[in-house]
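Quick one: this structure, given as structure tokens, is what I'll be asking you about.
For clarity, chains are labelled A, B, C and D in written order, and residue numbers in each chain start from 1.
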Amino acid sequence: MTLGVGLVGSAFMGRAHSQAWRSVAAFFDLPVTPVMAAIAGRDPVRTEAAARRLGWASSETDWRRLLERDDIHIIDICTPGDSHAEIAIAALDAGKHVICEKPLANTVEEAEAMAAAAAKAAQSGVRAMVAFNYRRVPAVALARRFVEQGRLGTIHHVRGQYLQDWIVDPAFPLVWRLQKDRAGSGALGDIGAHIIDTAQFVVGDLLAGVSGMTETFVKERPLAETSSGLTGGTTSAGTGPVTVDDAALFTGRFRGGALGSFEATRFASGRKNALRLEVNGSDGSLFFDFEAMNDLWFHDHTLPAAEGGFRRIIVTEADHPYAGAWWPPGHGLGYEHSFVHEVRDFLVAVAEGVDPPPSFADGLAVQQVLAAVEASAASDSRYVTVRDR
Amino acid sequence: MTLGVGLVGSAFMGRAHSQAWRSVAAFFDLPVTPVMAAIAGRDPVRTEAAARRLGWASSETDWRRLLERDDIHIIDICTPGDSHAEIAIAALDAGKHVICEKPLANTVEEAEAMAAAAAKAAQSGVRAMVAFNYRRVPAVALARRFVEQGRLGTIHHVRGQYLQDWIVDPAFPLVWRLQKDRAGSGALGDIGAHIIDTAQFVVGDLLAGVSGMTETFVKERPLAETSSGLTGGTTSAGTGPVTVDDAALFTGRFRGGALGSFEATRFASGRKNALRLEVNGSDGSLFFDFEAMNDLWFHDHTLPAAEGGFRRIIVTEADHPYAGAWWPPGHGLGYEHSFVHEVRDFLVAVAEGVDPPPSFADGLAVQQVLAAVEASAASDSRYVTVRDR
Amino acid sequence: MTLGVGLVGSAFMGRAHSQAWRSVAAFFDLPVTPVMAAIAGRDPVRTEAAARRLGWASSETDWRRLLERDDIHIIDICTPGDSHAEIAIAALDAGKHVICEKPLANTVEEAEAMAAAAAKAAQSGVRAMVAFNYRRVPAVALARRFVEQGRLGTIHHVRGQYLQDWIVDPAFPLVWRLQKDRAGSGALGDIGAHIIDTAQFVVGDLLAGVSGMTETFVKERPLAETSSGLTGGTTSAGTGPVTVDDAALFTGRFRGGALGSFEATRFASGRKNALRLEVNGSDGSLFFDFEAMNDLWFHDHTLPAAEGGFRRIIVTEADHPYAGAWWPPGHGLGYEHSFVHEVRDFLVAVAEGVDPPPSFADGLAVQQVLAAVEASAASDSRYVTVRDR
Amino acid sequence: MTLGVGLVGSAFMGRAHSQAWRSVAAFFDLPVTPVMAAIAGRDPVRTEAAARRLGWASSETDWRRLLERDDIHIIDICTPGDSHAEIAIAALDAGKHVICEKPLANTVEEAEAMAAAAAKAAQSGVRAMVAFNYRRVPAVALARRFVEQGRLGTIHHVRGQYLQDWIVDPAFPLVWRLQKDRAGSGALGDIGAHIIDTAQFVVGDLLAGVSGMTETFVKERPLAETSSGLTGGTTSAGTGPVTVDDAALFTGRFRGGALGSFEATRFASGRKNALRLEVNGSDGSLFFDFEAMNDLWFHDHTLPAAEGGFRRIIVTEADHPYAGAWWPPGHGLGYEHSFVHEVRDFLVAVAEGVDPPPSFADGLAVQQVLAAVEASAASDSRYVTVRDR
């Protein structure tokens, strides 16, 4: 059986997802075969070029066209957050399975509507998934397995960081990711969302409440003439206000009693994509840093102290999550492999008629934490309970 | 010229300071020579044994005797925090120079009294210093030098952690460090104090306000029959309440605008003595971890991106702080060397008639941060301004 | 313009090359577009399955058929070493461009014939390349750039290791890679060839002579019923002799005066794919380990000693070799990306009418070093001059 | 009981040993108490100054005087290698216990005479030890323990490196360590001796034969006016020939069948004191690097592959060799602690009437390896059997 895929958006995420769709069948045994049917974008020339380059059979200039096509069964949403709700809800209503990039939406309200739409669609066998790809980095999936197996015992500490440095220079232009109306929030929603989801996934628990603090270090930036999300393009003479946070810090408590300490920033000079997670439990600890994405560090606290210590597990063994599909041990994977694993799991879930995690409800849970952090930051860092979904 | 030293306390810190006094003259050119005159402790047999073992010429069973002796010019206080104020103030009043272990005191009020006594004593040339030894780990001193030289530019982030794991086991007994009346506070005052001072020292700035959260994971522990600070000794049948925090998290803002993120815990399985500091500035970043204490990691953000990256500086070069006095490059130093450097700087300052940093006022500044963290933790993590000294 | 590709072999290397051909046009601007025309293998069913899975338009059961097809312009040889010479020479004679997996051949004689065929073919514009993919790991290419720019000064030391552990277990079966008639040699030719080429490439110099030592730790192994190169498959009752080396050590001298120290082994427990290279020069040093393949460690010896140290360059910046085509900084690449870069450079060279390095002559140079190592090992480690090409 | 110590030599090693004698009794329970009786040196003024600074009760200008004194029972030899034999043999003949710095001697002949003298002295209860201090770095001692306990299984590979960079600059003067008549050999005897002994100690096996290669990169250097071993001092106008090796590489076979790969160099820019040892066995592997001297990396190959990996054991636990005597876990030790452990073990052995390893015979065994390396290097790297002792 084949399933047609229609992708919306051709920038950074569009390229990553395209590579995933193009590669997945070569490495994984799939119950259904994806067909790269169409890519949608506003500019006809650029979209057609993207189709050719990225391997899509056709292009559309309106994402709504994808919903009308019978040869398309899956909508993959790779646009900025302000359009997620509209596209996803329409797609689900049209009976298409949906993968949606993170953060699920720019507001809790949108996310709630999306989760509701997904819940309703699920009743007719239509599936929805939010694309927190870091869950499917093999080392992160292995971390989850260790926690699930009880290797960490009672968890006391969860430490999440996502450190980048791409806007340290005040001359970096005002790209869309720095504008609240497009991006929803700054470091918090963009990369903070990732560490929240990754932490909640690995620990298997949810944040109960948080105390937050945010900052915009550079408050005015040059206007970008051609703005992409991550690179500057050319800049014009004027400047404009940065309307999102440059950095967000928060502490929190998990429902199970663990303490959480989180930080998301785009101002950590020298840290390029340091998504880090450390978990300390009574029986063991784990550490992960995406800048060395094939490694998981594990400390087994049940060993005699004389032989304890963090061990570097190179997560490329046949018995490791996802790794067996690729290369022999020690032959590391890269960033985009997480997307290959994502669409693989999505296709398997669709074929099996189950919901592929993380669900839109999981995406909403992250959104609620983001909202609680912002609410706390807006009221003197006062502890704010994360709203129950 | 020689200066007689009298040390109070013969446990962990007493041993470390003794080794410092015993070694300093062999490695550093000193303007004055310290003489290890006497050690004071309550138990006459144990104190006399400590004197012999640690190299003190005599022993006293009452620290007040040290203050009366003319051959003693320096009082080195290595007792738990609840006795610091009494001993230090009496010593300063008696015209003795004072080195006092950290935290300066168990309360802000005591610390204020001590700072006042030190200020008064300074007018008659009597010197006081609080023993935040980590300032004098060569890598930390080098970090300070980099910041001072402007190598980091505008500082945006300060990230401090002090992670230990010695009480993860609920069967670990109720030693004095877990009792509020003796220790003042738990992880916060014991090791949190170190990262606060280290961070404020390296950055050259003070925390303006903080938002805190504390937790006691294990609330009841076996009573210790013979209690030392860090090891269990024998335990008796009963249990007692842990009256201090096991872990403390706080975020904060520095006066200069940097964000601070701090964590002190004794529940980080596998982390033994991980005092870590990362500083991110517009022109560079620094990272230090005491578990690899001879290394300072420096990223020069002014280099072309293609050749940037954190470099591991092994801080054992002749041009590095303190290191030239010891061994050739690459021959690392250990924990107690920081104390050797501490007494060296103390002796030089005394000889030169200047105040050796960190002063009691610096110690008070740390105490005020600790108090603000506790106040914030007690009121829903609300942001609390650190009181001005 | 398009160029048809025909690939021979569908095992480990066949899969890696297929992924390269499938991906290259999506990430790189190419002067010619590759078309995945056909894959050849002996077993018709398996080859056809491979064609479908790996994305080849057709399959052939005899590689000679590829040479006859007009729609095929490039032959990509991914078979064991014993068939390289025959296929490559025939392909070149047939006017097809050739990429050939390493080692170029199983003997110097074969390699010489191949180099001669390539030299002759070059006169009619037919190109040949040996697939030492590690040259095109961005960190290795950056290392070469540093040496080329003179950042290392006079080179004194070259230290190459390739450490694996996949046959430590004596129960691991006698796969073809452990049989001399198929594989030519063991660790030496398989992975030693990679470090020789990588070292000679980065340093820009050739080994003048070597002193070698080889060992076969496990001399008899269970016979493999279905033998692939790297995994055991099922085993039968009997055992057979291991006819290649398990490990090879050699020291050497480069023409420019540097000393070389090399080691290739499949018995380094815990080392999975540790291709490592360290180069020490008068002005700087470099270190690379494939187990952390996105990092290059660089020490700038011209800096003041107080700020020197090995820096970890995460080789994912836009200005780094190849990296700009992929993802933002800090988003690491994986093993197979080196093959994408390889076919990219091959296609560019073909389009430009120049020879894509490494040439068959470079492959021969490696073969000559391998032969010299074996000759030395066979005569009491006596220093053997590497034959001039 | 007390034992008087007389030390010969007051430079680098003299300072390190002095600190050991000064500190040992404060940290270890000793069956005998050392008394720092006298230090001997040629220059009366400098020696007396050294005595005062380093804590020796008296000074002598002729080492022979130490042998005549009844209050001296131990002779500690910290001079260059050319005087070891004379002093040690005389001291043993005089009934003094002897600790002698490494390498034991400058020639095999001298070393044989010393080993014979030690064997003879042992019959009258006089003890001799060669000061290979790295054996007593806790991480190295732990490595030995792991091998002894069989945690590594059958050993296949031993990889030793000692990398320094202090003479990379051709302007560095011709200090005594670069002169064959004083130093015996260069990198080989100075630091190569350390890795040979460390490797043979950890593995518990001896090198059976070696194939060597040496090089002197800088053949002429400025004359040093005041020459110490490691730093340049002032230089005069002229130059002189370097008569020792700058670097030495050798491969070898252990009696038990393991392959050895060794390198000693003073030309590895950026490597300061990188004494490294890796051992690979069928059941596990170990890695140590003195530049992170408190860490031992251990891979347990008997674990499932999915959770294997090199773990960083911070060797500061109470159950680790020597570490319990010092500080709590995670509080690292430094270079000179290895000497404290050395004199501690020496004193215990003397008190117990047993021979403290490494014996002079062990020192001779190292010397024989050095000689075999030199012999091999002198005859085209031909494999040379290490002479039996």
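Criterion: a residue touches a chain if its C-beta (ideal position, glycine included) is under 8 Å from a C-beta of that chain, and two chains touch if they have at least 3 such contacts.
In this text, all values refer to a predicted model and were calculated from it rather than measured experimentally.
A.B. asks: Between B-D and B-C, which chain pair is linked by the larger number of C-beta contacts?
C.D. replies: Answer to which pair has more contacts is B-D.
A.B. asks: Farthest chain from subunit D, going by the mean of C-alpha atoms per chain?
C.D. replies: For subunit D, the chain whose C-alpha mean is farthest off is A.
A.B. asks: How many angstrom lie between the CA centroids of subunit B and subunit D, rounded to a whole number?
C.D. replies: Averaging C-alpha atoms per chain gives centres 35 Å apart.
A.B. asks: Roughly how far is subunit B from subunit C, going centre to centre by Cα mean, in whole Å?
C.D. replies: Using C-alpha averages as centres, the distance is 54 Å.
A.B. asks: Quick check on subunit D: which residues sit in contact with 2+ other chains?
C.D. replies: Answer for subunit D, listing residues that touch two or more other chains: 271, 299, 308-310, 314, 329.
A.B. asks: Which residues of subunit D touch subunit B in the complex?
C.D. replies: Residues 12, 15-16, 18-19, 22-23, 25-26, 53-55, 164, 166, 230-231, 271-274, 290-295, 314, 316, 326-337 of subunit D touch subunit B in their complex.
A.B. asks: What does subunit C use to touch subunit B in their complex?
C.D. replies: Residues in contact with subunit B: 142, 298-299, 304-314, 317-320, 329.
A.B. asks: Per the contact definition, I'd like the list of subunit C residues that touch subunit D in the complex.
C.D. replies: 156-157, 159, 163, 165, 168-169, 211, 213, 215, 217, 247, 249-251, 253, 257, 259, 261, 263, 265, 267-271, 278, 280-285, 299, 301, 308-310, 376, 380-383
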